[in-house]
Each structure stands twice: as C-alpha cells, then as structure tokens.
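Chain IDs A, B, C and D follow the sequence of writing; residue 1 opens each chain.
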Amino acid sequence: MTTSVEHSDEFRAGRELGLNHVKLGMWLFLASEVMFFGGLISAFLHYKLNNPSLESGLLDVLLVGGNTFVLLTSSYTVVMALAAARAGNSAGLVRNLLLTAVLGAAFLAGQGYEFASLIREGMTPTSSVFGSSFFTLTGFHGLHVLVGLLWALRNLAKALRGGFDQGRSLGVEIFGLYWHFVDIVWIVLFTVIYLI
Amino acid sequence: MSERTTFAVAVLVLVLIAVGLLAADQVNLLPALAATRATEVDRLFRMLVGIATVIFLIVEGGLVYAVLRFRRRKGDDAEGVAYHGNNALELVWTLIPAILVVVVGFSSYRSLARIERPDQNPMVVEVVGRQFTWLFLYPQEGLTTSELHVPLGQPVRLELTSEDVIHSFWVPNFLAKRDATPGRVSELLFTASQLGSFPIRCAELCGAGHAIMTSQVVVHTPDDFEAWMAAQVAASE
Amino acid sequence: MTSSRTPASGAFQTLRRYISWNTDHKVIGIQYLVTTFTFFLIGGALAMVMRTELSQPGVDLLNGAEYNRFMTNHGSVMLFLWIIPVFSGFANFMLPIMIGAKDMAFPRLNAASFWLIPPAGVIMLTSFFVGAADAGWTAYVPLSIQSADGQSLWAVSVILLGTSSIMGAINFVTTTITMRAPGITIWRLPLFVWAMMATALLVIMATPVLTAGLVLVALDRLAGTLFFSVEAGGNPILWQNIFWFYSHPAVYIMVLPGMGIVSEIFPVFSRKPIFGYKMIALSSMAISVLGLTVWAHHMFTSGLDPRLRVPYMITSMVIAVPTGVKIFSWLATIWDGKIRLQTPMLFSLGFISMFLIGGITGIFLASIPFDIHVHDTYFVVAHLHFVLFGGAVSAVYAGLYYWFPKITGRMYDENLGKLHFLMNFVGTNLSYLPMFLAGMLGMPRRVADYAPEFTSLNVLATMGAVLLGSSTLPFIYNAIISWAKGPRASANPWRGLTLEWSVTSPPPPHNFEQTPAVDHGPYDYGQPRQLEQPASAAAD
Amino acid sequence: MSQAPQEMEHPASSGRLGYGGVFLLLALVTALEIWLGSVGVLRSVRTAFFLVLSLFKAGMVAAYYMHLRTDSRLYAYILIAPAVLLLVFAIIAAVP
C-alpha cells in the first residue's frame, strides 16, 4: 500500500492545488476576522437603526475622509513593497515598508485626534449606546492598524537584514494580506459609520 | 424483493402505523389543559408523538435486530458483505424524512397561526416581572395584584414587560409562555377554559430567586370575577 | 513512547514532555485529552452537587444564588472546557496520521492553542472566589451585567477558549487541505477528517461572533459602556442573536466530530465498508451549513418578529434530513456485518440509540407551538443532555477506547470497558428520560427548588446521575492501570484500514518512515485483498 | 482551482490596470463618496450609492491588492463566504 516518496514532500497536496499553507492559514484567519468585525458591525448597525442618536452629527466626515485616503495610500505602498520584494529590489522594499509604517502611524494619529475632539464635545464610550458602539468598533479597527504597524516595522527590520532577498517575498505578501484586510474593513466602516 | 419479504415489510409498516396512532391517542404527557389554545397545541403534540414513535421504533428496532442477528459468532473470522451503498435506499431515507419535515413544518405553522390569532375585544392585563415577583395591572380598574384573576371563557391579552432582567411568564396548564423583557412589551393571548387556579412559573433564569418566582392564575365564573374585582377595588380605596 | 523506555527514568521523562511546551501533535493531542477529561470530572462534580440539591424539593444544600453559580460553571466547563476541546485532542493526535502527514501545518500555533486552555480553565474556576458567574452559560443580558465579578472572569475565559478553538480550526483545515499524502484524495479522507473539516469551518465562521459579543459584555461590565443597559436604549435581544449565532452552531461543533468517530468505528467492528460514504461526508457539510441558519429557534418565546420565526423553524427541521441520512447509513453499515461487540462498538451503538432521542426531541423543539410550552424547561435540559451526553460523550468514550491502543501502545481491559458502558448507558437514560416528563409537566430549568409533584421524577434523575458519576470510576481505573502495565498493543489490534493503524502503537516520532502513498479508500473492508494488508503495514 | 498559479508566478503588478491604476481609482471613488456626503441628495438614494461604491472599493482591494483575481479560487471563497454570512446576520440582528 505504501511506496517510498521524498521526505521533502510535506505540503505537496497544497502545492498541487497551488496553495501555500501559510497563505491559506492567513486567509482562514481573515475569514474569522470578518466574522469578528461582523459581530461588532451588527451591534453598531442595530443601534444606528433602532435608536438614532444626535451625536452622529458630531462626526467629522472630512477629517475621516482624509484618514481613509491615508489608509488607501498605505495599501498602495504595501503592494509596491511586495512588487519590490518579488523583483529583488531591497531598496524599494525598505522604502515602501517605511512609507507604510509612516502612513499607518498617520492614520492612528488622525484617529486619536478624532477621538480626542469627540470626547471634548462630550461624546464618550459611556455617554450613549451610539458612543459605546462607535468607539468600540473604530477602536478595535485602530488596534488592528496598530498590530499591522508593528508587523510592518518587524518586516522593515527583517528587510534591512536582507531577510527578503532573492525574491523571498512570502513574508511581505502575508503581511500585505493582513494590511489590505484592515484597509477593507475601514472602507466598510467609513461607509457604515460616517457616510450612511 | 421476494414475495415473503414484501409481505413481511407490508405487515411491519401497518403494525408501526397502528402503534404510532395508538401512541398519539393514548399518551398523556402534558398537564391538564385549561385554555382553549392549549387544545390546539395538544393536537400538534400528539401528531409529533405519533411520528416520533414510529421513527424511534424503526431505528432502535433495526439497531437491536441488527446487533442480535449479525453478531459475530464464536470462531467466525470472515469479513462482512462488501457493498458500499444503494442509491435507491439512500434516496428513500432522504426523501421520507424530507416529506415528514414538510408535513410537521406545515402543521406547526398552521397551529402557530391559530394560537396567535388575536381575539375580538380581549380583556387586557399588563404583567410586570420584577425580581422575584409578578405584578398584574388591570388598566380600566387601575388595580394591581400579585395573582392573575380572569373570567372563564374571556379572551385575555397579557402585555408583558420587566423592570429588571428578562423573565418568562409560563402557565403550564395553558401550554403558553412568553418572555417579559425589559424595555419592550410582548403579548400573550389565552382564553381560560377551566375553573380553578393554575400555577404561574418564571421560565427564564432571572437570579437567585428564579425558582421561587411563582404566582397563580385564578379562573372565576364571570359573576365571581365581577364580585372579586369589586371587592378588590373597594379594598384598594 | 513510554513503552520503549525503562520505567524509572522513562516515566519521568515522558511526564516532563507532557507538562511542558511541545510541538509534537501527538503530545499535544494527549495534553488535550488529559486536560479536558480533568475538566470533565470537575464539571461532573458540580453536576453531582446540583443533583443532590435537586434530589428533594426545598432548598437544603445550595440556596438559589449558589445553585446558579454551580449550574453556570457546570454548563460552561462541560461545553467550553470539555466537549469542544476534547475533540481537538482526538483530531490533534489522529488527523495528521490519518492523512499521512508528519505533523500539523502550524506546530507552534498548535501548541499555543492548547496552552490557552489551562489558564482559561483556571480563570473560569477561580471566579468561584470572587463570586462566580451565575447567569447560566447563555449569560443573558441584563442579568449577566449585574452579576458578581466572576462574570467578567467568565467572559475573559470564554474569549480565550474561543481564540484557542479558532486557532485549532485554522490549523486543522490548513493541514487537511495542504498536507495530505499522495493518493489521499478528497473522497478517500476518513470520515472523522471530513467531520473535523465541517467542524473547523463552523468554528471559524461562528466563534468570532461570540467573541465580539463577549467583548461587548465585558466592556459593559468593566468599562461602563451601554450596549446592554436598557435605560440607555440597549437591547437584550441583540445579545441573544449574537450568542445563539455562535451557540447553536456550537452544538454541531460538539457533535459532528463524534459522528465522525463512530463513522470510523462501525466499519471496523462490523468488518464492512461504510455505507454511503459520500452521503455521510456531505451530510456533515450540509449540517454545518444549515447549522449557521437556525440560531433564532432559541428565541421563539422572546417576542421575535413572527415573520422571522417560521423560516427558522423550517431550517431547524430540515437539519433532521442529513442527520437521518447519517443514522440510516450507520444502520446499513452494521447490517449484514460481523458485528464485534467490543467496548468502542458498544459506545458507538449507544451513541446512535441515545443521539436518536436527542434528535427526535429536537424536532419537537423546532415546532414553535410546542416549543413555546417546553422552552426553558427540563424538556430542553433532557434534550441537550441526550445530544451532548448520550451523543457526544458516548462518541468520546468510543473514541478513547478505540484509539487507546494506538495512543498508549497498550490494550485496555475489555471487561472493565463493558462494565463502564453498561453503567454509562443505564445512567444516562435513567437520569435524563425523567427530565423530559418533568419539563412537559411544568418544571422550569435552572431552578434550585421545585414543586413537590416533581419529586419522584427528580429522585430518578438523581439516582441516574449517581450511577453516571460512578461509571467514570471503572474507566479511570482501567485507563490508568492499562496505560501503566496493560498488555502491549500490536500496530493494528482492530484490523483497521485507516492510516493510523499502519504505523506502530504508539506511532513513531514523525509518524511515517516514508510518506505513504494510498491507493484505496479508507473503508474497503469485506474484501480479502485488504485482509493481509495491516499485517504487512504493522511489520515496517 | 487546481490550475491556479502559485504565488511566485504571477507578475509583480497584477492585472490590466496596474497597482497604480487601482490606487487612483480608489482615491477617486473615495473623493466621490465624500462629495456625495456633502451634497443634499435623497438619503435612500445616497445610501444605496454608498453601499455600492464601498462594495466596489473593497472588491478592488481584494481582487488586485490581495491578488484574488489571479490567485487560487479557494481564497476568494474563504473571503466571500463569511462576508455573505455577515450580511445576513447584520440584517437579521438589525430587526428590533
């Protein structure tokens, strides 16, 4: 029943399907993240629809629009980083990872400023159901950006050590998947929270 | 199938159906019914019991029979018969349950529609759950009691809510239950069909006193009810 | 691995391996099994105290508040710390071997997901010292917002356990998809692997929603947010939606792997191919997809929008179809077989006979008008214990006996096993059947006290519980003694054809000397060709 | 699915419009959204627009930046399945 095959043969089934196991794992993790944010978004929507709050008028769409733009740009730098890594262009990789980190930090700064001004105007996590759901939802997204930021810095350090040379780009790609997902979540949140 | 097996199967089916009908008719697992809508639920329940009995007997019977009949005898080390499936058979035991589901689903839906059809000008009583008592407010009379008193045969609409946590208003003899949730009002409709008093229990865990959060429904003849109400109003003034 | 060492240093060495960080999937599997079984005993002890309180009306042993703490932690421990993770234990040990892999796809993630469990368990149980959680495992708001601090610990603990099972699920799916040995096509996967796939997909889809919900509850309790404060406009029904969106699928998370285990056992012990392999595999998937669409059938009495209730009733009933397919296929599998009534088979047969009762009463509960009467009564308690104890736990025991030789390299004592089955089977039926009656006649669930008319039924239930409790003693004795000095087990004592039986008992460090290439299905019994196969496999 | 290329193979800049093109598109749509938010169009119409536009943006990021266009179909399913489920849940949970 058994015939000899090379030991290096683990993940062979995956390769036959064109699947890398780390990537598959990441995608499955993202699926669970969709459902996690799903729970929070559902709670937010429930309250947005069933007890509308005047506080929603306090939200500054222009400021957040700018922030959205920042995050979109960071997604662009991430794909450019991946492209550079694949092309074995370590200078470009470092530059784009750096830009990504800066943009991520800028987004967090913008969000921090937004939170501060909202709280100054009396809208806090404990002021109303709307406040609770707003700060929880955006806060958890912010946390995800923070994690992505740290990951970007870690990759940056690795890139400087030449960890992604000769087109070893998987690490960048996996990080990219996470970062783009966080971006997508924000695209949805921007619409659900600020536009609708 | 040979004629003998066909015959045996036919007999078996008939016996099963008979047993099912018998079970549906004979078993009495529900409390004494004291409300009109309860009889509707009871009818549905009996149908379920009938079907369940048949399915139960088929599977458990088949299980026991197979174990006894195909038990490995001493010294018999042969393998079993190697077949991997039988499309006809698999189709049958996919379709029959599917059909049963449709039947059960439909009659459940019909019963639901019946037990939730609103009555003409019902008597409204507001029910408030509070850890760990029930309060009953009669709006017209502006009367508040700790027991629910209703006239026999009078359609009643309870409007339930809660002051603290979720409670659940349950009268086993009415086969009726509805949650009393803070911040919202839910309805429970019934028409008492038996004189006497019947227990009310809280069915939703509501804290340390959950088990003792009980009261009772007292069903009077209309005249007695008027008398009781008059006495209460007098007492409250 | 014990077997090949000298007892003195060997035993110590082994113990060290098992209580420290280790990325070998077999070690992790055993860590899971032993840890979760310990929590099973704790949960059982809590149940014993509850049954003692309920052995007669009136409040004599526990008052209402204490009873709620015991009830809540009994439920939470049994579900989150026993029945869900125990199957991860089986899957950790068996799944990689069954698909011809050397380990899981992410060994470190695997170890991490185990090491989340002991602390989570400790957190949950230490809550007893700060006023344990007492809002039931359903933690309905607003009750769970006003309970003692233990409720917050409870939430944290459940979040950790959820994270653990999500990590595990990602690992199982990735492993199964990318690490199958050549020849193990999708239609040659053992049914236990199929069941774990269905389960893992449910975990990935449903568990995060509960995590989100628990975050809201924790924030309400700790940070003063207002999600569930009714005065501020919070809505208790929202929690019920979130909670049941996870917790109904969770029931399938708890029983699908069990169905997988018995699907492994029936063919082996009837010496026949599994009947309707594809139907069983696909019904697992059907159940997990449908399982995501039925949650609101737990809310039929909550004043839910009527237009919503009927669709939920239908989907809930439809699940009976794939479940029926499984049960009939198992029946057809043992039909015409050469049934060997050894302990694993006995527990598997017990699984069918008791799970059937749970399934049928499930249809009763799906039927809204009847559910309105028995919702939140002992009828539900009986139903869920027939599904989870008569069903899932029987399957766990079946699996423990079936794979005991493979995991430990020793044979267990058959007579003790049969005794265990007998006590367990009688005990289960004796303690849970009366509960159906009590519920229908008017006994609510989660009560420390009840009307005198329910006394006799509760006495029966308590007697059954005592029998159940004591039934674990022969098992524990059997397991310990046999593991220590039972007769050595051959590679393939049951003459099974799935890959775990083609390696030594216990399996060697990397499972396979050389990656196996499989050229036949997992259940090709009843044909002479396979008969000598295990012997040859056992040789290498 | 089995013919899906491995991640090493597909080109640095994926698809007809390169990463830059996608970026410009996303930026434009975002600007459009903010403008829409400022002008007084009928609320329901606006909402519909916003949903479509954000779905489009999310789709672009997933398809081009996360390479779902060229990568194995399975990844797309893994993302879409929970998204659909979440949509259903959010709608039902919104019912008071």
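The rule is simple: a contact is a pair of C-beta atoms (placed from the backbone, for glycine too) under 8 Å apart; a residue touches a chain by one contact, two chains touch by 3 or more.
No experiment lies behind these values; they were computed from the predicted model shown.
Counted as hops between touching chains, the shortest connection from chain A to chain D is 1.
More C-beta pairs in contact connect the chains of B-C than those of the other pair, out of B-C and A-C. Centres computed as Cα averages put chain B at a distance of 29 Å from chain C. For this pair, chain A with chain C, the centres built from the Cα atoms lie 35 Å apart. Between the CA-based centres of chain A and chain B the separation comes to 49 Å, rounded to the whole angstrom. Residues of chain B found to touch two or more other chains are 184.
Contacts with at least two other chains are made by residues 74, 81-82, 85, 89, 93, 96 of chain D. Contacts with at least two other chains are made by residues 15, 17, 19-20, 24, 28, 31-32, 34-35, 37-38, 42-43, 46, 50 of chain A. By the contact rule set out at the top, the touching chain pairs are A-C, A-D, B-C, C-D.
The residues of chain A lying in touch with chain C in their complex are 1-7, 9-15, 17, 19-21, 24-25, 28-29, 31-40, 42-43, 46-47, 50-51, 125-126, 128-129, 131-133, 135-136, 140.
Of all the residues in chain A, the ones that touch chain D in their complex are 15-20, 23-24, 27-28, 30-32, 34-35, 37-38, 41-43, 45-46, 49-50, 61-62, 65, 68-69, 72-73, 75-76, 78-80, 82-83, 86-87, 167, 170, 173, 176-177, 180-181, 183-184, 187-188, 190-191, 194-196. Listed in rising order, the residues of chain C touching chain A in the complex are 101-102, 105-106, 109, 166, 169-171, 173-174, 177-182, 184, 204-213, 215-216, 219-220, 223-227, 229, 232-235, 238, 241-242, 502, 512, 514-520, 533, 536-537, 540. Of all residues in chain B, only 29-31, 40-41, 44-45, 48, 52, 55-56, 59-60, 62-63, 66-67, 70-72, 76, 78-86, 89-90, 93-94, 97-98, 100-101, 104-105, 108-109, 111-112, 115-116, 164-166, 168, 170, 172-173, 175-179, 181-184, 186-187, 199, 201-212 touch chain C in the complex they form. Residues of chain D touching chain A in their complex: 1-8, 12-13, 19-20, 22-23, 26-27, 30, 33-34, 36-38, 46-47, 50-51, 53-54, 57-58, 61-62, 64-66, 71-72, 74-75, 78-79, 81-83, 85-86, 89-90, 93-94, 96.
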